[in-house]
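Here is the structure we will look at.
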Amino acid sequence: MTTFQGVIPPVVTPLTAEGELDKASYQRSIDRMIDAGVDGLFILGSSSEVVFSTDTRRKEIVEAAMQAVAGRVPVFVGCIDTETNRVIEHAKVAQELGAAALVATAPFYALGGVAEIERHFRLIHEAVPQLPLFAYDIPVCVHVKLPNDLLLRLGQEGVLAGVKDSSNDDVSFRFLIDANNKAGHPLTLLTGQEVVVDGAYMAGADGSVPGLANVEPTGYVRMWKAAQAGDWATVKAEQDTLADLMRIVLVTRGVQGFGAGVGAFKTALALLGVFDTNQMPNPVRPLQGENVEAIAEVLREVGLPLARSAEEVSAATNWEK
Amino acid sequence: MTTFQGVIPPVVTPLTAEGELDKASYQRSIDRMIDAGVDGLFILGSSSEVVFSTDTRRKEIVEAAMQAVAGRVPVFVGCIDTETNRVIEHAKVAQELGAAALVATAPFYALGGVAEIERHFRLIHEAVPQLPLFAYDIPVCVHVKLPNDLLLRLGQEGVLAGVKDSSNDDVSFRFLIDANNKAGHPLTLLTGQEVVVDGAYMAGADGSVPGLANVEPTGYVRMWKAAQAGDWATVKAEQDTLADLMRIVLVTRGVQGFGAGVGAFKTALALLGVFDTNQMPNPVRPLQGENVEAIAEVLREVGLPLARSAEEVSAATNWEK
Amino acid sequence: MTTFQGVIPPVVTPLTAEGELDKASYQRSIDRMIDAGVDGLFILGSSSEVVFSTDTRRKEIVEAAMQAVAGRVPVFVGCIDTETNRVIEHAKVAQELGAAALVATAPFYALGGVAEIERHFRLIHEAVPQLPLFAYDIPVCVHVKLPNDLLLRLGQEGVLAGVKDSSNDDVSFRFLIDANNKAGHPLTLLTGQEVVVDGAYMAGADGSVPGLANVEPTGYVRMWKAAQAGDWATVKAEQDTLADLMRIVLVTRGVQGFGAGVGAFKTALALLGVFDTNQMPNPVRPLQGENVEAIAEVLREVGLPLARSAEEVSAATNWEK
Amino acid sequence: MTTFQGVIPPVVTPLTAEGELDKASYQRSIDRMIDAGVDGLFILGSSSEVVFSTDTRRKEIVEAAMQAVAGRVPVFVGCIDTETNRVIEHAKVAQELGAAALVATAPFYALGGVAEIERHFRLIHEAVPQLPLFAYDIPVCVHVKLPNDLLLRLGQEGVLAGVKDSSNDDVSFRFLIDANNKAGHPLTLLTGQEVVVDGAYMAGADGSVPGLANVEPTGYVRMWKAAQAGDWATVKAEQDTLADLMRIVLVTRGVQGFGAGVGAFKTALALLGVFDTNQMPNPVRPLQGENVEAIAEVLREVGLPLARSAEEVSAATNWEK
C-alpha cells in the first residue's frame, strides 16, 4: 500500500447561487492547491459538506474532483454516514470512482460502545479491503472519542492505515504519535488542525489536513517542508501567519458551527476570486453583509489581494436558497 | 389534516439471520399490534433501525409496512438523516409510498444552532406540504434539545403538526403541553417514553410512542383508554406492569445503547414467537446466551408465555452477520 | 431510625439588601410552610444557596432554621461540598446543631469514578453514623448520575437511608423505585421535581422536595394527601395548578441557571410579602425591572394575592451587592 | 505589579500514611524543584488536592509551602471554591500568608452564565486588589470554558493578570495568545499542559504549569530556556523525553481521573524517594501493587533512578485511610 504524508487539504465544495455544484470554481480551487504543492486532497469530509449532500450529490462531487485532479495527487474520499452498511455503500462508490484511500468516522446517531466502533471499522475494511482506510476522529460531530489503544490495535492488524485527528485533543494525539512510533509506525497520523499544526509536527505527525489550506495552501506547504527539514523557526513563522489568517472564523457575528467555519472559508475564497459564490448548503445560510466585510478586512490585514469586494460577494449568493 | 392521538408504537424491524428484512415476522408483529388496538404505527424511527438502513432498505421497510398495514391504521414514517436535502429525499419517498405523517429530527453531525434547526423544518415542510410533519425531539441521538418556544411557534404557523418527545426531559415536556394548551393546541404531543407514560397522560399528552408496545401492545392500549376515561388507578396499574416488563432492557450485561435497548425488544419478540430471530443490523451484534436467558426470565416473571427457549433464540441468529 | 415521607421543601434562604441572612423573613417563610402542613424541611440544599455560603454563613443558616422550626418538623441538612473530608466537617456541624438527616451529593470538581463515589458515601456514614444519610442525585451540578445499583446496594447495607432525586431522569427514578420495592424498600425515595411530581407519586415515590413549595406549600401538601388516598384526579388538578405557577422560572429574560430559578422563587416570595427582598448571593444579581413584573403577572394569573408591587420589590434589593 | 514567566509547577501535596500533611517530603520536593531552576510554584491547585482539603488543611499547606520556599521563588496560591464569597475567604488567607499571586476558577456547582463568571472575577479582584489574579481555565472540572474575549477584556481592565490554561483546547489558547499580543500583552498566559508544552511555547505562551515537573523539573526548565533562546530542536527533544515519562498516567489499570493522574505523580515521587508515601486524600485510594510496578517500569525505561521498590511504596501507604 502507498504511504501518505504531508499537506492533504479537506476540499471545500463550491456551490452556485442555485445550490448546484460549481465545477468551474472547483477546478480553480483544486488547481490552486495542487499548484501550491499539496501532497493529496481529501474530499467528502466534514468541510466538504458531506453530510449535507445526497448520494447523487456525493457522487457528483467525487466525479468532478477526480476529473479536476486528473491523477496529479492521491484523493482521499470520505465515506461518512450514520452506520456501517450506509458507509460501505459510499465506500464502494468511492472505490469505483478512483479513491486512493477511504476515510470513515465512528458510527453516529444510534448509541453504542467501543465494541460497535471496532466492528464498524472491521466490516468496512472487509467490504473494501483494497483501499487504505483512515479513521476520522471527530468527537465534536459523532460525540465519541476514538480510543488510542483501539486505533493502534487496528493499525497493527492492518484494518486501519491511518488516522485523521480532528479531536482537538492534542494531548491524546501526542500520546498516539508516541505509541505508534514505539509500535513501528503502523498508522499514518494526520492532524486536522489549522493553528496548532506546528505543535503536531514537533510531536511527529505525518502530515496535516487543514481546512484553511483551501484559502492559503502555500503557507501550509512551506510549513510542512520546513518541518521536514527541521527548520522550526520557519515552521513557527508560517504557523503565526496562518493563525493570523484563521481569524476569519472568529470575526463574524450571529453565526456558529459549520456556517461560521466553512462559511468563512467559502467567503474568503469568493473574495479571493477562487469561488464564484459563498453559497452554503441547506439549511445553512451564506454569510452576508458585515460578516463578509469582516472577513475581507482580515484578508487585507494579512496581505491577501481581494479579487472582489464584500458587496459583490454578498450579491452573488442566494440568501434564500 | 387528520389529527392523531393514542398509542402509536415505533415498529421494530425484524431481520433474517442473513440480515435481510423478514417480511413474515414483520406481518405478524404489525398484525399483533393492530389487533391489540393501537391507533397508528411509526416506522423508520430510531427503534426501527432507520440510521442503520440504506436507502434501498428504507424503501423496502416502508413498502412492506404499507402492505402489512393495508390501511387499517395511519402510518408515520421517519425521514431521519443528517441534513435537510437528505431528509427531503426520504420525505418524498415516504409520501409516494403512502405515509400519513412525516417525522424528522433536528439536523445532526454538522454543528449549527437554532436558526439552522428552524430553517430545516421549514424547508422540509415546504418540500412536502401535503403531509403533517412531526418534530422528533431526541437529544441523546442528535445532541441538541428542541426549544419549546420554537416548537410552539412552528406549530402555530402550520409548519409542524406535532412533536414526538424522546428528550427524557419530562419537565420540559410538561411545560410544552401546558403552553400548547394555552395556545389552542396547535401541536399533537406524543411521548416516546415507556415507563413514565402515566405521568405524561396525567400532564395531558395526546398519546405515546412506546417501543415496548412491540412486545406488549395490549397494556399500552388499556392504559390509554383508561387515561381517556380518567381512570387513573387503572393507568397506574397498567404502567406498573409495563415498567416491570421493561426490565428487559436492564438485565443484560456487556451491551449498551441500541444493542441493549432494541436488542432486548427483538429478543423478547423472538422468545414470544413473533420474530423468527433477534438479528441486529451491523455493526451491532444480537444478544446471545445469558443475556437472552435473562430476558426470558423477565418475561416469565411477568407472565408472558414463551414460544421458544433462550437456546433456540440464540441459535436462530447469526452472531457474525 | 425514623422514616420520612411526604412534602419536604428545600428552604430558600432570604437575604437582606446587604447580603446578610434575613432571619425575620426566614421565620415567616418557615412558619408559612409548617402551617401549611409540610412533613419536613431541607436546608442547605442547592436552592438554599449552600455552595454560595461560607462556613460561617452555613452555620448561621442552620442555627436560624433550628430556632425557627423549634422541633415542629424534622430538618434535613445538606452537607454539600467538593470532596469527602470537607463534607464530613459540615456533617458534624449539622449533627451538633440538631439535624434529623444529612444530605450529600457525589464528590465534584475532581474527576473520579464510581469507586470514589461509593467510598465517599461510606466514609461520610462512618463519620456520622447516628444520622440517616440521603444521597442527593443532581447530575446537572456534579456532572455524574448516581447509578441505581450503587444506591440500592448502599441502602441495603444501611449506608444510605434514602435518595433525593434531582436527576431529571424520571425513567431512571422509576426503575429505582421499582427495584427498591422489590428489595423490601430499604431506601426512602424523594423526588426533587416541581411539575412532574404527580408522575413520581403514581410511580410510588415516598415524597417530594419541591423548591416551588416555598412559594405555594398548600398545593403540594394537598397533592401528597390526595396521592396517599389514591385520589389521582385531585393529584392531577393540584399538579396542573402548580405547573401553571412554576412558569415563574420561564418568563424572565436575560438570566439563567440559579439566577433564573431560585431568583424567581425569591422574587415571588418578595412579591407575596414573605421575604423582604429578592436579594441573591454573589456573584448572582437579583431579578429587576421587567423580570420582576413578569413574575408578578404569573402570580396574578394563578390568583395569588400580591403584598407588594414589582417596583417595590425591585427597589428593596441592592443590585450591586 | 510583578510579571511572571517560565516554569511554575503545580505542587503535589505529600501525605503521611495517616493522611496528614507530610512536611518533610514537602520540603524535599520543593527544594528539588527550586534547585532545578523553576521560576515559581503554584500551590492549592487541582493537582495540590485543593478541593479535597478542609480550610484548616489548606492553611496548613500554604504555611508549610511558604516556610519551605522561604522567598526563593514567587508562590501562586489557588483560591478554588464553588462561589465568590468562599473564594474571597481563601484569597484573604492567601494574602495574609504571603501569596505572590492568586488563582481562581469560574464558579462551579450552581448553574450560571458568562455574566456570573465576569462578576465573580471582578468581586474577587475588588476584595483583594493588591494581588495579581490569574483565571484558571479548567472546563473538565468546572464544566464551562472561559471565553477568550472575556479574559482579554478583564486583562485590559486590570482585573486579571493572567490565565492558567488547563482547557485542553489548544486552538482556543493559540487564539488567546495572538489576541493578547495584538492588545499589548495585558495577560500573562501559562499553559497547564505536560506533553504539548512545545507547541504552546511555539505559539508564544509566557510559561507553563506542568504537574509532571514535580517528577522531573529539570527537563521543563531546560525546555523553557531553549524556547527563550529559540532553540526549537532542544525544545522538541526535551518534550519528547518528558512525553515518554508522562506515560506514568497511562499505564495503570482500574483507576481514573485524579486517582490515575495525581496518583501517578505521587507514586513516581515515592519511587524516586522524594515522597515518603503515595497516600491519596479521601475518597481516593493510593495506587497499589501492579499499578505501582507499572509506573516503576516507566521510570526505569526513561532512566530515572529508583530509590525504593514498588513493594516498598505499596507497603508505605494506608489503603484504607
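Going in written order, the chains are labelled A, B, C and D, and every chain counts its residues from 1.
What we mean here is this: contacts are C-beta pairs under 8 Å (C-beta built on N, C-alpha and C of every residue); 3 or more make two chains touch, one makes a residue touch a chain.
The model shown is predicted, which means the values in this text are computed figures rather than measured ones.
Trainee: Could you name all chains that are in contact with subunit A and with subunit C at the same time?
Mentor: B, D
Trainee: Of the pairs B-C and A-B, which shows more C-beta pairs in contact?
Mentor: A-B
Trainee: Between subunit B and subunit D, what is the gap in Å from one C-alpha centre to the other?
Mentor: Centres of subunit B and subunit D (C-alpha means) sit 49 Å apart.
Trainee: Calculate how many whole Å lie between the centre of subunit A and the centre of subunit B, each centre taken as the average of the chain's C-alpha atoms.
Mentor: Between these chains, centre-to-centre, one finds 36 Å.
Trainee: Give me the residue numbers in subunit D that touch at least two other chains, ranges are fine.
Mentor: If we look for residues of subunit D contacting two or more partner chains, we find none.
Trainee: Which residues of subunit C touch subunit B in the complex?
Mentor: 168-171, 174-175, 178, 193-196, 198-200, 202-203, 230, 232-233, 235-236, 239-240, 243-244, 246-247, 250
Trainee: Help me check something: in the complex, which residues belonging to subunit C touch subunit D?
Mentor: For this pair, the touching residues of subunit C are 46, 49, 51-55, 57, 80-86, 89, 107-113, 115-117, 119-120, 123, 140-143, 255-259, 261, 281-285.
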